[in-house]
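In structure tokens below, several structures.
Below are two complexes that have chain A in common, paired first with chain B and then with chain C.
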Partner chain A sequence: MEKTLAKKSFPQWVKALDSWTVYVPRKDDEGRWDFVRADGQETALDISQTTLPPKKILFPQREVFLEFRKTQAGNLETTEIKEVLPEVHPTVVIGARPCEARAAWLLDKVFGGEFQDIYYWKRREPTTLVGLACTPPPSDNCFCPSVEGSPHSEEGLDVLLTDLGDRYYVKSMTAKGEALISAAPKLFSEPSAEDQKRVKAAHAESEKQIKRQVKDARGISEKLKGMFDSPFWDEEAMSCLRCGICTYLCPSCHCFDINDEIETSSPLRGQRVRTWDTCQFPDFTMHSSGHNPRPDKASRLRQRLLHKFQYFVQVYGQIMCVGCGRCITLCPVGIDIIKVLDKVRQDGD
Partner chain B sequence: MAKIDELKEEARKVLRDGTVKYIIGYGNGTNGWPAAPIFVKKPEDVDRFIWDPTCVHNLVRFLIDEKRRKARQKQPDKRPVGIFVKGCDSRAIVVLLQEKFIERSDVYILGVSCEKAGVVDAAKLSKKLAGKMPKRVELDDQNRFVVTTESGKIEAAADELLAERCRECPANFPVIYDVLSGEKVKRTPDKPYGSLEKIESLSAEERWTFWKAQLDKCIRCYACRSACPMCYCDECVVDSINLAVTADTTADEKAQRIRWVQRSAESSENFVYHLVRAMHLAGRCIDCGECERVCPLDIPLRFLNKKLEKEAKELFGYDVGFDASLPALISCFRDEDPQDFIR
Partner chain C sequence: METSVYTPQLAKIIQTKDEVVGPRAIKTFRTQFVNGGRLDFRCGQCAMLSVFGKGESMISISSSPLVKDYLQFSILRTGRVTAALHDMEAGDTIGIRGPYGNGFPIEEWRGKNLVFIGGGIGLAPLWSVVQTALLRKREFGALSLIYGARTSKDIVFKDELEELKDKMPVHLSIDVAEPDWKDFVGFVPTNVLDKKPSPTNTIAITCGPPIMIKFVIKNLKDLKFEDEQIYTTVENKMKCGIGKCGRCNIGFHYVCKDGPVYSWAELKKLPQEY
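And now, the complex of A and B:
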């Protein structure tokens, strides 16, 4: 379904979605963008890249799996375990970037397939992703076309909005997306032939505006297979601080840890929780014996790169980087994934 | 702004002589920030070194890595490592020497004075550029910042973009060095703790509301800990596993290990993490501002550390990082130390 929506009607549309929990990007006083609950203050979508991608809505940093408690009555000790499943109200994320939706499409592969991750799907299924085509790209470090995405890619999205100046071109790809339009059908108009022409032109132009590029990502993927033991990683990781920025803020990184968090120990009461984890931390893949197969920062940087560009390609056939550029923009020491990949392409052996 | 030509000459010499293993300095950054840490091993690569107001990073952090690397090697190369330092960074070296974490012979210090200015504040600059990326930042003869972006040049008064810590810096030249570039310009800031005034004027409830909102943003990426030259513990209290686990540690021992801080990024746990870190930095933090700079969520961590620096000064007359021969604040006792907390 293809429609147009006048920008001045955008706030009314958001208001009309009162059967959904709506998230929109919002700038705070310090100029930092984040996806927050819509509160009726929305005007229109702006050019923005949120610090945290909308991954946090589908795969929150903390997820409770179960609650446990021990009770004692006389000599009888009993343990109660209660499964906790997320109960998620239908949700819409408006203004997700095509790369972020593509990341969700990749996460669907990880949490779907042979082993369905019920916690993920309890959130994913009721969530509708409304993307905003990147005209222009929100960051100088965007490089989605290099990793098989595009600034107007539809993968993972239910609706794609394209900014046409005074209105949005609205393309709905799924029934979930159409439900959003049906919530306020009067706000939408049929697109003219001119609109269709303009949306095509805007998309073509958006690709030209991407400034950065990884050449031959698939070739690099092949090359990486022979680089596990290369001293290259030691060199590249020299300046790495081992913080979690590149992975925690990545739309497609999805490693997690599971811990029992104890509230009180007598009587024993607590929760089993899943939290984000990252290959950059010293305890990542630490074995029970105390041995860690990834003992230093070089092997951790290598893990990040190989997971995205080699292992994921081997398992799922896709590159697990969507080219949003956050890890470049926000790295405290200027480690640049594009430059690292370029070195692999040029000198890797 | 100091020139570093003489330092480069010196760097070339010590690399050629083999007096140092390698030199940690600043080179051209990437599309995030103009300067980035680089590690130079060959004399011919010395020309990669740059010096400009975006050389914000405290490179002393990398001396911790170097120590760890040496500890893993069977026959470590014991030659010193060369390192470029600003005033604040040099004081981090002093603290590491006081705490005997490193020896003076481990480092060859190439000091650069910030002279009248200092470094730019990344947050202020990004606000000023409204999303555009700086390609280059220079300080002109009138002490004004000239910022080059893809769409042209922008000028700004030093005060507008200078990092807050530079405006409150007690000595913006290296206090310890082997070679020095630039003049030792002594500057007495009007308000050495000026940035604390606003938060100190708040009531306890208002401060709680402020910190709760700030620390609730924390995603515990630990960038603040990772960038800090003083956070060198082999085992950090917040890591979810005890790194002292060995092959002989029983399952019971592992299950019953004390977890001071849970992994969940929730209010209570975030408070514990940040307050533990702040307390561990009391009398040690040299106010390089790295924790605040690297925070992706813009949590004003410097307030915590600056407040404790002020306490150390007011209660004990202690200035952090000026004299490597003094014992560290928390490991010494003097008769005149205040005792009124003992009841």
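And now, the complex of A and C:
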């Protein structure tokens, strides 16, 4: 289904989605963009790249898996556990970037398969992703076309909006997307042939505006197979502060930890929680014996690169990087995944 | 009802036994599910044990899948969860989820001789196969065990090993001589070279500390075992057990899901990240 929506009608559309929990990007007092609950203040999608991708809506930074408690009756001690499953209201994320939706499409592979992760799917299934085509790209470090995405990719999206100046071109790819249009059908118009022409032109132009590039990502993927033991990684990781920001802010990174948090120890009561974790921390892989298979920064940088560009390709056939550039923009010491990959492509040592 | 793959089943500890006491304590636990259920598993598979309030730990199942009335785990006291387990006794409640991992391909081993080579706590995962092979003795060729520990006090399953001597050759070793020790003195790989198991129609299954495994494999190769005749297990830190949390991988393999059992032919192709 293809429609147009006048920008001045955008706030009304958001208001009409009152059967959904709606998230939109918003700038906070310190100038950082983040996905927040819509509150009727939305005017239009004049947005920049958010610091945190909308991954947090599908896969929150902290979530409770179960509650446990012990009760004592005389000498009889009983342990009880209660599974806590998320109950998620139908949700819409408006203004997700095509790369972020593509990341969700990659996360679907991780949390699906033989062992379905019900916590993820309880959020994913009722969520509709409304993307905004990147005209222009939201970051100087965008490189999505190099990793099989595009600034107007539809992978993982239900609806794609394209900014045409005074209105949005609205393309719905799924029934979930069409439901959003049906919520306020009068706000939408049929697109003219001229609109369709302008959308095509805007999409073509958006690709040209991407400033950065990784040449031959699939070739690099093959080349990495021979680089596990290369001294290359030592030099590349030298400046790493092991802060983990490259992974926490990555739309496709999904590594997590599971821990028990205690509210009271006597009688025992607490929760088992899942939290985001990162391969950049030494504890991530440290055995209780003290042995660590990834003991240094080099082996951990190597893991981040190989997981995204080699292992994920071997297991799922896709590159686990969507080219948003956050890990480049926000790395405090300037480690640049594009430059690292380019060195791999050129000589690999 | 929908149930999360991360939610364990409650189980009661029905019996405990101190195998080794002191700084490298090992304790064996037998457990039964509170709801009376059973776990269908293969030799060499693992289960995620919960001590509520402490967390979870991946432990190999040391009983045979043919034993239906309990699950057995032998556990070295080493971290937060295993220390908490060691403080537990019969009657206490834990959580169990699983089974996880590939397990040993024992159906492919029918008709072959099996030589088990273990070190320290590494006998635990082998024990499931040893017991199963004994219960299905007619299906396998000759069975034998080469097992060692640092000192005589560090040997696990002491009583069971004595009984086992009636059923198969058992070659024990300790690292350093002790006054009353009559068996082999030296490291397990050296004992392998000393006992010279024949590679003819034989599968060697080895489990123990990484350094031991490395030299056992080297020595088995010297004894003309092919890579495909040697099986071992790998361990890495695990949280989810189902190939999602991202930490136990060696190359593109998640040890929790794609391992922990590998033939040397498979394992030598993967990076040394364990």
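We take it that the second predicted complex is superposed on the first by the 347 of 349 C-alpha atoms of A that agree within 3 Å, B and C clash if a C-alpha of one lies under 4 Å from a C-alpha of the other, contacts with A are read in each partner's own complex, and residues count from 1 in each chain.
Keep in mind that, in the parts below, contacts are C-beta pairs under 8 Å (C-beta built on N, C-alpha and C of every residue); 3 or more make two chains touch, one makes a residue touch a chain.
Only a predicted model underlies this, so the values are computations on that prediction, with no experimental measurement involved.
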{"item": "Three-chain arrangement built on chain A, chain B and chain C clash or fit", "value": "clash"}
{"item": "Touching partner for A:Pro293 - first (chain B), second (chain C), both, neither", "value": "second"}
{"item": "Touching partner for A:Leu85 - first (chain B), second (chain C), both, neither", "value": "second"}
{"item": "Which superposed partner A:Tyr311 touches (first chain B, second chain C, both, neither)", "value": "second"}
{"item": "Touching partner for A:Asp257 - first (chain B), second (chain C), both, neither", "value": "both"}
{"item": "First, second, both or neither for A:Leu66, with chain B first and chain C second", "value": "second"}
{"item": "Selected from 1-9, 37-45, 55-63 or 73-81: the stretch of chain C that, after superposition, runs into chain B", "value": "73-81"}
{"item": "Footprint overlap on chain A, comparing chain B with chain C", "value": "257, 259, 262, 286, 288-289, 291"}
{"item": "Of all residues in chain B, those that touch chain A in their complex", "value": "29-33, 35-39, 57, 61-62, 65, 72, 123, 126-127, 130-133, 150, 219-223, 225-227, 239-241, 243-247, 249, 254, 259, 262-266, 290, 293-294, 296-298"}
{"item": "Complex contacts: residues of chain A adjacent to chain B", "value": "30-32, 47, 51-52, 61-62, 140-141, 212, 238-239, 241-245, 248-249, 257, 259, 261-262, 273, 275-276, 278, 281-283, 286, 288-291, 296-297, 325, 328-336, 338-339"}
{"item": "Residue ranges of chain C in contact with chain A within the complex", "value": "2-8, 10, 50, 52-56, 78-80, 82, 93, 95, 210, 235-237, 239-240, 242-252, 257, 271, 273-274"}
{"item": "Chain A - residues contacting chain C, complex", "value": "65-66, 68, 70, 77-79, 81, 83, 85, 110-111, 113-119, 228-229, 254-260, 262, 265, 268, 270, 272, 274, 277, 279, 284-289, 291, 293-294, 299, 303, 306-307, 310-311, 314-315"}
